[in-house]
């Protein structure tokens, strides 16, 4: 018997995400976002998703704008200096989707509680803040050693986790070759974990530097080849964020929130609905533009 | 040469492993290690094996260097990844199978690596300590208990101390009542016999006698009354392929062929 | 050219940093970033700087590429290490200094990145979210608050929501009562002024006016009564070396010289 | 102003450990043990130490045998197949030193609680075991979400942590180049952290592969050059465990526990008290013997 390869196609990956799922999204702000898989799900307009994300950006704002999200759990949505706020996030919160208030420490505590199979993790980080009162999943917990009470964070459950990384072998051993953000923790806590990569490499290449492996195949259910798959976000070692693209998005999304949805609908038709797959999407963006995002370009 | 009891025990373990299982291999347990390795090169090429700090896949190994020291640095040649030791616990949601040893094992599958005696401040014998068995056996999906010493010294009615909880004082709900996520000990394996646990009482029960041990002898080997089912089938004998692979690629040095 | 208010603010921050401090630099806060970088190349070559996923030491830098994007991938050229984001929190015992921003800042140094409005289900304006400020400001030894917008829109009597706890409703024991390990906000820094907190009430207090702003103007810039001490010394002016290093090696693009 | 170098000598490192200190010891069973620093402390016979150690071996047994330890906190003491038990640990526990019962999960919870500045971490791992009743520092804690109670593990404090690794620069950036065991967690939780290394390398060498850095200088107070400093234990990438040496130790220690201390005293005189420093110790062991522990030898 030989080893089973876990490489699947983008449509196969998208089929693993169902309406109503709790979906974790890896990466950090504008870097290493799994947009290849996300665009497939957007095309299918999956509904009633609960999105769990470390500091997130326009990829989540777009999910909100497409009406796919029931509940959002993220400590941050923005693109720093490029665009401090997500238009749908800022404009529609509480109206078209619910927010489960969190911060980075609370998110880490909930994910760690799930990975450790614990009913809660205590935190002091949000004592005295509004997060403790706005998030109905949290509870006070006594300090059995007599100190002031803390907040108990329950396990944060995710049906599927989507991650973008540099490379993997066909068995699911993944290497980021740079910062890992919260991806290992997300993978430990995800019921299913799908990783899209710029490059699939041999098992020998992975084993040449096992210390570079950031997600061992124990924590990976499927791998998808997705070159330029993080665009318009940055991909470590490959390309920078496409700021012009984000600005265009912010412009049409802002207009939509203000009641002028036409340009946003065109944007969605052009970049999400019409392309038959990743290659067609990238051709619409244009190779010259993509190459210009590389280091030194 | 006929299969030895240790070889049969290893083959029994190999057959319990599902392809794709995530298994953590502790040190100094050569028979379970042999079972896992045999499974990997036969029906479980996708079993995910954790050896202390390394994630390895051994499906392509020609032969394994030394079963006596599974945490051999040379294991790194098959490593897909290196991990901090916390990972054992932090990634425990996905762990399917682990192994526990014990200086005492009781009729409800509790194990003791802490010590022997009544007074913890004045033990007759201090064990090496629980290592990670308490937390790992509480959480991982299932675990097997292994010992080479099938005698009343090890098999006691009640452990003096419990380092890894099995079924406590018995009863199918003894783990869920405490909120323990793992499904508990499944088998107890020794060179004399393979045992499981009664579905209701969770008392230890004989499953297979291994060659060289009679039922009477076995019953005298435990300090408590072992349940014996009406039907006591023999373990399905090893295939020629199982035995050959075990001897040539897993245990070339013959650790399991020593008595 | 005279030092701008933003340059003075950065120089003030630089002077607060002790050699050897462990400092975490958040994104999109160019003035605090400039202050930390200036300290590193002058009196704090051993300051340990964390920029998101990287541990860096910039003592040897010729010039910094772009203060507007501190989390620039090119920062990696000075990286001594790469770290998972949990490390920010897991290693928090050793963190000496952090920076918080806010869409609202109140007189007791509480900050709000959550949103504006009464009804959380129907906010007038939803902010970007707390990022890590809640947990980091609760724990790290001390923190500074920075904003470019010194106006009653930002400086409010009471935040609509609190994302990072400062001194709550005031009082020197307001943090210890809750068990918060960190010593709380030390300074509030804007291009108009530098403020600290009264030792007893922990209400915000003017420390230095920065050039271009009068006391009357400043008092009108907050939606609450700012404490003003009897003595209001000017900030010690920048040395020629501070200003020159700031302009040539830290902020060559002149971000802090724009008004 | 130029950067401050944190490289110190072995005696300077030993001077950082005082009588009564709580000392953390890195590595795992027989690998990467900071014996260079430990032998200096042994020579000084520091008293009343509380030792906190991940799975440990003969280096801790020797501390026990020298009467330096008041309390021991380790989930394991042994050398696997080489020597399953430490003679002083097995024979003297409760009589000459106290044991604070623990297991790996409990140890990790206590160290993490300290690093996170939390008053406790909950664990389910020892519910139903004797560890929960033998260790007086633990307390039951309710699950505020209504499940069965858990055990609260308080922060595990360490005054000094001693670690052995492959290499570091003179500023305290450390690379293990292999498994890290629990060393990063120990470093995060230690008030002072001293790392002995086989090799001191340039800052440029560290920065060539910042992803290999396992302890950034944020978590390291001092670095000590100690080639062959883990002997008789193994050092990753450098040498294997010296099983003969361990066996000799076990033999003389067993006799001592049985009331015949002469050979143990000779062993201590020869290897601990007489050598003026690491070089003299290694010369007594003999270079031929050391070289024979290398890969392929």
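Details
Note that the chains take the letters A, B, C and D in the order they are written out, and that residue 1 is the start of every chain.
The working rule: contacts are C-beta pairs under 8 Å (C-beta built on N, C-alpha and C of every residue); 3 or more make two chains touch, one makes a residue touch a chain.
Here the structure is a predicted model, which is why all the values come from computation and not from measurement.
Averaging C-alpha coordinates per chain and comparing to chain B, the farthest chain turns out to be C. Chain pairs C-D and A-C differ in how many C-beta pairs they share in contact, with the greater number at A-C.
Centre to centre, using the average C-alpha position, chain A and chain D are separated by 39 Å.
Measuring from the averaged C-alpha position of chain B to that of chain D gives a distance of 29 Å.
Contact with two or more other chains is made by residues 54, 76, 82-83, 89, 139, 179, 181 of chain C. Contacts with at least two other chains are made by residues 117, 119, 123-124, 143, 147, 150, 178, 211 of chain A. Taken pairwise by the contact criterion, the protein chains fit none of the simple patterns, being neither a path, a ring, a star nor fully connected. Pairwise, the chains that touch each other are A-B, A-C, A-D, B-D, C-D.
Residues 1-4, 112, 114-117, 119, 169, 171, 173, 188-189, 203, 206-207, 210-211, 213, 215-219 of chain A are the ones that touch chain B when the two sit in their complex. Taken together, the chain B residues at the contact with chain A in this complex read 19-20, 22, 42-43, 45-46, 48, 50, 54-55, 57, 59, 76-83, 89-94, 139, 179, 181. Taken together, the chain A residues at the contact with chain D in this complex read 117-124, 139-145, 147, 150, 152, 154, 177-178, 211-212. Residue ranges on chain B touching chain D, taken from their complex, read 27-28, 52-54, 68-69, 71, 73, 76, 82-86, 88-89, 112, 114-115, 119-123, 125-136, 138-139, 161-165, 168, 177-181. Here chain D touches chain B in the complex through residues 28-29, 54-55, 74-78, 80-81, 84-86, 89-91, 93-95, 99, 101-106, 108, 123-131, 134, 143, 147-148, 150, 178-182, 184-185, 234, 236, 240, going by the rule given at the top.
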